[in-house]
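Both complexes shown next keep subunit A, but they swap its partner, so subunit B is in the first and subunit C is in the second.
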Partner chain A sequence: MKSSLFKRVLRSKLLPLVAVTVVVVAFFGITTNGFLSASNLRSIMISMCLSGMIGVGMSMLLISGEIDLASGYEACMGGIITALLIKAGIPWPAALLITIAAGAVMGGILAFLVNKVGLMGFISSMAMISVYNGLDYIVTKAQDVTITAEHASFYSLGAGTVGFLPIPFIIMVVLMIIYGLILYKTEFGRTIYMTGGNRAAARLAGVNRKKITSILYINNSAICALAGSLVAARMHCANAAACTSGSIDAITAAVLGGVSFRGGDGNMGCLFIGVALVTFFNSGLTASGLQSYWQIVVQGLLLVVALCIDFVNERSRQKALSQVAI
Partner chain B sequence: MKKLISILLVLLLVVSMCACGSGSSDTKPDETPTPAQEDTDKETTPAEDDKAEDAETPEEPAETPDAETPDEVIEKVGYYDDPVDHFARDPYTFCYCYTGPGALNDNMIDVFHRLGKLYNFELDEMNANNSADNYVQGVEVEYNKGVDGLFIDCDPTYQARVVELTEELELPYVLLFNYLTDENGVNLAPAVVIDQSRSGRDTIQWYADRYQEYWGDIDMKDLCLLNLNYSTNPAFQERVDGSREQFEKVFPGADIIEVDGVSSGSLNAEAGYDLTSQTISAHPEYKYWIIFACVEYYAQGACRYVETTDHPENILITNSGSNCLPLEFEAGYDGTSWKVCYAVSDINYGGPAAMGLIAICDGRATEETLWQELKADGDKCTLYVVDAVMVTKDNWSNFKDEVWALYDPEGKTAPAA
Partner chain C sequence: MKAKLRRMTNSKLFTLTLLLIVIIVIFEILSKGKLLSFKNIRSILQSVSVVTFLAIGCGMLLMSGNTDLSLGGVGTLGPMVLAFCIAAGLPWYVALIIALISCALCGLGNALMVNYLNFPTFIATIAMASISQGIAYLISGGKNIDMKDPTLNFIGTKRLFDFIPYTFIIAMVALVIYAIILRKTKFGRSILLVGGNAEASRLAGLKPKKISFILFVNASCMACLAGSLMCARVKTATTAGLSGSQFTGITAAILGGISFGGGTGGMMGALVGIFILNVFNNAMQLVGLSSYYQTVMSGVLLLVALIYDKIMENNRMHRAITAK
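Moving on, here comes the complex of A and B:
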C-alpha cells in the first residue's frame, strides 16, 4: 500500500513541480537578502491571490476543454460594480453578493454564445474582452471609482490578515480546496474531466457537455467578479485596468501547474503550485535586481519548459493509453 | 434561433451607427455664432479652403481687433489672451486623436469640449484603441471628414509617421504630451508637454526639503530611493532619470534601487504593489524609503503595500500625475506616506494646445512660428512646457480652479457643483 502510494507520488505531475518550486525558493532564499522574510512571504501570498482565484475557475474550464480569455476583464468589471454599489450606499456584503451575481450573468452571456450560438470559447471570450473593457471605461469614465474610508471594514477583506495569513489568500485556498474536492470526489467533477479529455466518448456516455460547460463559464465569471472585488478592497478603488492581466497570469500558472491546455487533465493542487511557482519566481527576479528585459526572457523560458513538460507527459499518457487499447 | 440573432445583430449595428452619427452633433457647442460672425470678412479670417495657404505666411497675421506691429502680434499668438474675437468666424472642427482610453484622455475630452464653447470650436474624437494602424487610418478618416486641425496625443513609437502624414495632408496640428525630435535632438513639431525630468527632480526635492519634519535627522545609509519605472516609455524613463539625478544630489550616501514594471507588462496598481512589496521585503537593511513612481497607479499600489507595513510613516511616496492622489484624499486617505504628487492641470495641456491650433487655423501662425518666443535655439518648432503644481492634502481640491479661471473667468463652462 505504502509502496503504491509512493509510486503514485513519484509518477504524479506534482512532484517535479514541487521540486522546481523548492529549488526556486531555495535559490532566491540563499542569493537574495530578505526573500524568505515574513513580510515578503506575506506579500507573495497576496500577490498570488488574483491569478490564483481566477485560476480556479479557469482551470475548471481548461480541464473541460474550454477557455475564457476575458476573465481579467470580468474581474475588472466585478471590482467596478462592487465599488459603485458601495459608493451608492449599499452595504458591502450585499454589494459583494450582487457583484458575484453580476459575474454569473457575464458567464451566462459567454455560455450562451458558446453553447447556443455555437461560437468558439476562445473567439467569443476575445470579443467579450472588448465589450467589458469598453463598458468599464464608459461606466467609470476611465477614472478610479474610490471606496471611501468609511467603508474600512471592506478594506480588510482585501488587506486584512488572520494570524499570519492574508484574508484573500485564505479565500483563494478555500476555493481551491472546494473545487479540488468537486473535481476529485464528485460525479460532476469526473464528467468535467471526461468532457475535456474525450468529447466523443463523453457524448456517448450521455454527458451533457453544453450543460457542464455552461455551469463552468458561469462559475468562472462569478469567481472572477469576486476576485476583482477583493482587488478593489485591497486598492481602495476600482478601475478599468486593475486586473486586465489576470487571465493571462492565471492561464500561465495553470498550464505551468500541469492543467492541460487540451483539456482532460489537471487539478487544484497543481494550480496552487503553479501559481506559487510563478509568484515566487517573479518576486525573486525583482528582488534580485535582474534587469526587467531579462526577466521577461526568463519568464518566457519558464513557460516554455512547462509546456514542454506538459507535451511530454501528454505524449506518454497517450502512448500508455494506446498500449492498453492494444 | 440563429436567424433571430442575425437580425438582432444587424439592428444593433444600425443602432450603433445611428448613435455614432448623433454623437458628433452632440459635440456642438450650445452657443450659436455671435452676431459678429455675420460681419466676418472672409479674407481676414482664412478659416475655410484657403487656410493652408495662409498658414504658410505667418508673417502676415490675420487682422486683429487692435492692429499692432507684426512682432507684437507674434508674441501673443497661441495664448488664452490672444486679442482675437473667436466668434467672428465659423466654428472650427478639431479632432482629438488619442492612442487608447484612459483617465487623462477622458479629462482632455472634457477640457476641449469646455474650451470649444469658450473659443468657438467643435470637437471630434478619434480613439485608436492602442493600434498604430488604427491611428494612421483614423487621421486619414478625420481628414476626409473635413476637420480643421488635430490634437495629436500619440504613442512616441509611431508619432513621427503620424506627424509626417498630417503634414502631407496639410492639416494643422499640435502634439500633446509627447514631443518629436530628430536624431540631433531638434524639436520638429509644436508640442505641449511637461518637463518629464523636472517632474522627477521636483518631487524628490520636495521631500528633500521636508523629510526632517517627518523623520528627524537620519543616517543616509538607512535611506533608499525606490524608483518604480516603466522603461519602454521614454517619458516615464525621463521622469525616473530626473528622480535619480536629484536624489543623488540631495541625499548623498543614500542608495537607489530601480525596478521596472515592463516585466509584468502592467501599468496598474497591482503591479505597483508587487514591485514595491518584493523590493522592500528584500531589503530590510533600509529603515527609510522614498518611492518615486513614474505613473500614478504604481504609486497607488505602493501606497497600499506601505499601509500593510509596520512603519508606514518611514516610507514616503511621490509620483508624476494628479488623477489618483486627489481622489485618494477625497476618499479619506490621510496622507501618511503618499503626501505629494507632481500635478499638471488638464487645462494646462488643453488650453495652450487649443489656443495654438486656433492660431494656426486662423493663419496667425504656422507650426513653426507658434509660440516662437519660447522656442529653444536650434529647434524647428516650439516645445511648450506647461506649469505644474505640487499637489498635497492642503491644495488637492482647488488646484485646477486657478488655471481654469484664466480661460473661463466668468465660469461659463464650470461643471455644476
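Moving on, here comes the complex of A and C:
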C-alpha cells in the first residue's frame, strides 16, 4: 500500500513540475537579491491571481475541449464595468454582482456563437477580442477610470491581506478548490471530462455537449469579469489594457500544468502548479533585470514548451490506451 | 444562356460583388460624396496593397485547411529586419532577402510545430506571434527604426499617373500570379484538395505535409512583404508594425469567399473581400468614427464573414446530401 502510493506520486505528472518550480524558485532566490523576501512573495501571490482565476474557467473549458481566447479582454471589460459602477455611486458589492452578471452575458454571446451558429470557439473568441477591445476604449475614452479613495473599502479586495495571505490569492484558491470539487465529485464534473475526451462516446452516452459547453463558457466569462474587478481594486483604476495578456497567460499556465489542450484531462492542482511556475518565472525574469522585451519572447517560448509537454503526455496516454486494448 | 446567367447569380463572387457595391453606395451617400473622390480612391488603393499580401498568404493557408495567427507578429519582424539592415548600410535587395529569410524561418517554425509536433495550429501560431513580436522589439530596442532608401521609398510613396500607387500594382501582379498558380498548376489544385479532405488527398498520392510547409513559409514571406510595403510608405519600421493585422488578412479572405474549413475559394473572391474590408474601414473614417469603432467593427465583420461562410457551407452540405 505504502509503496504503491509512493510509486503513484513518483509517476504522477505533477512531480516533475513541482521539481521544476522548486528549481526555478531556488535559482532566482540565489541569483537575485530579495526574491524570496516576504514582500516579494506576497506580490508574486497577488500577480498569480489574474492568470490563476482566468485559468479556473479556462481549464474547465479546455477539459471540455473548448477554448475562449477573449478571456483577458472580458476581464478588462469586467474591471471597467466595476469601476464605472462604483464611480456612479453604486456600493461595491452590488457593482461586483452586476459585473459578474455582465460577464455571464459575454459568455452567453460566445456560447451562442459556438453552439447555435456552429462557429469554432477559437476564431469566434478572436473576433470578440476586437469587439471587446474597441468597446473598452470607447467606453473609457482611452483613459483610466479611477476608483477614488471614498471607496477605499473596495481596495482591500485587490491588495488586502488576511495574516500573510493576500485576499485575491485566497479568493483564487477558494475558487480552485470549489471547481476542483465540482470536477472531481459531481456527475456534472465527470461529464465535462467525457465531452472533452471523446465527443462521439459522450453523445452516445446521452451527454448534452452543447448544454455543458454553454454553461462552461458563461461560467468562464463570469469568473473573468470577477478577476478583472479584482485587478481594478488592486490598481485603484481600470483601463482598456490592464488584463489583455490574461488569456494567453492562463492557457500557458494551464497547459504547462498538464491540463490537456485537446480536452479530457487535467485538474485544478495542475492549474495551480502551472500558474505558480509561470508567475515565479516571469517575476524572476523581471527581478534579474532582463530587458522587458525578452518577456514577450519568453511568453511565446513558454507556450511552446507547454505544448511540447502536452504532446508528450498525449503520446504516452495513447500508448497506455493501446496497451489496454491489447 | 439562361442557365449560365443563373449560375453566375448564384455564385459567391456575385453575392460578394453586390455587397461591395451596396457598401459603396451607402457610404457614398453617408459621406456626402467624399468616398469616391479622386484623393480618397487613391488612399483606398494604397491601403489595399498591404492587405492584399496578407490575404494572399492567409487565403492560401485557409484553402489548405490551416490558419496562421502569427502573421501580425511576423509582419512586424520582417520590416524591422529590413530597416535594421538598411540602416547598417546594406543595399535594399540584400536587406529584403535577409528580411524574407528571417520571416521564412518563422513560417518554418510554425510548420514544424503543426506538422511534426501536432500542435493545434492556432495556438502554435499564437506562440510564434509573441516570439516574433518580441524579437522585433529586441532588434529595435523598443524604438522605431527610420528607413531611408531611395528605391524602396520611391516604390512606397509614388504613383503611376499620380493615381495608381506602385504598391497597388505590385500587389495586383502578385494576386494574378497566385491566381494562376491556384487555377492552372498541379500544385494549386492540390492545395484545394488537401483543404477539402487531407486524408483522401494523402491516399491519392499527394503530400499534405509538404504542401503545408510551403504554404506556411509562403504566408510568412507574404506578411514580410506586406509589412515592408507599409514600412516603405511611412519610411519607418514601427514596433507596432502589423501586429493585430492577422485578423485583417483572415477577415478579407473569408469575406472573399475562401471557406474557413478549407477546400474552396479563389483569388478573385479574395480581391473583392479585400475591397469590402478596406472600403468599409475607410468609409468609417470618413463618416468620422474614431479608430476604436473600427476595432469593434473589424471584430463584427469577422463574425459576419464567419457566419456567412457557415451558411454557405451548410447549403453545400445540403446540396451534397440531396444530390445523393
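The criterion applied here is as follows: the second predicted complex is superposed on the first by the 310 of 326 C-alpha atoms of A that agree within 3 Å, B and C clash if a C-alpha of one lies under 4 Å from a C-alpha of the other, contacts with A are read in each partner's own complex, and residues count from 1 in each chain.
Please note the rule applied: a contact is a pair of C-beta atoms (placed from the backbone, for glycine too) under 8 Å apart; a residue touches a chain by one contact, two chains touch by 3 or more.
Model, not experiment: these values are computed from the prediction.
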item	value
Partner chain(s) touched by A:318 [first = subunit B, second = subunit C, both, neither]	neither
Subunit B versus subunit C as contact partner of A:261, first or second or both or neither	second
Which superposed partner A:287 touches (first subunit B, second subunit C, both, neither)	first
Partner chain in contact with A:142 - subunit B first, subunit C second, else both or neither	both
Touched partner set for A:304, first subunit B, second subunit C, both or neither	second
Touching partner for A:296 - first (subunit B), second (subunit C), both, neither	both
Which of subunit B and subunit C A:117 touches, first, second, both or neither	both
Which superposed partner A:251 touches (first subunit B, second subunit C, both, neither)	second
Which superposed partner A:126 touches (first subunit B, second subunit C, both, neither)	second
Subunit B and subunit C contact sites that coincide on subunit A, given as residue numbers	117-118, 134, 137, 142, 291, 293, 295-296, 299
List of subunit A residues in touch with subunit B within their complex	32-35, 37, 39-40, 42-43, 46-47, 50, 116-118, 134, 137, 141-144, 146-150, 159, 231, 234-237, 239-245, 282-283, 285-289, 291-293, 295-296, 299
Complex contacts: residues of subunit C adjacent to subunit A	67, 69, 113, 117-120, 122-124, 126-135, 137-138, 142, 247, 250, 260, 290, 292-300, 302-303, 306-307, 310
Residues of subunit B touching subunit A in the complex	1-2, 5, 101-103, 105-106, 231, 257, 259-271, 273-275, 277-285, 297, 300-301, 304-305, 307-309, 323-324, 327-328, 330-333
Residue ranges of subunit A touching subunit C (in the complex, touch as defined)	69, 113, 117-120, 122-124, 126-135, 137-138, 142, 248, 251, 261-262, 291, 293-301, 303-304, 307-308, 311, 314
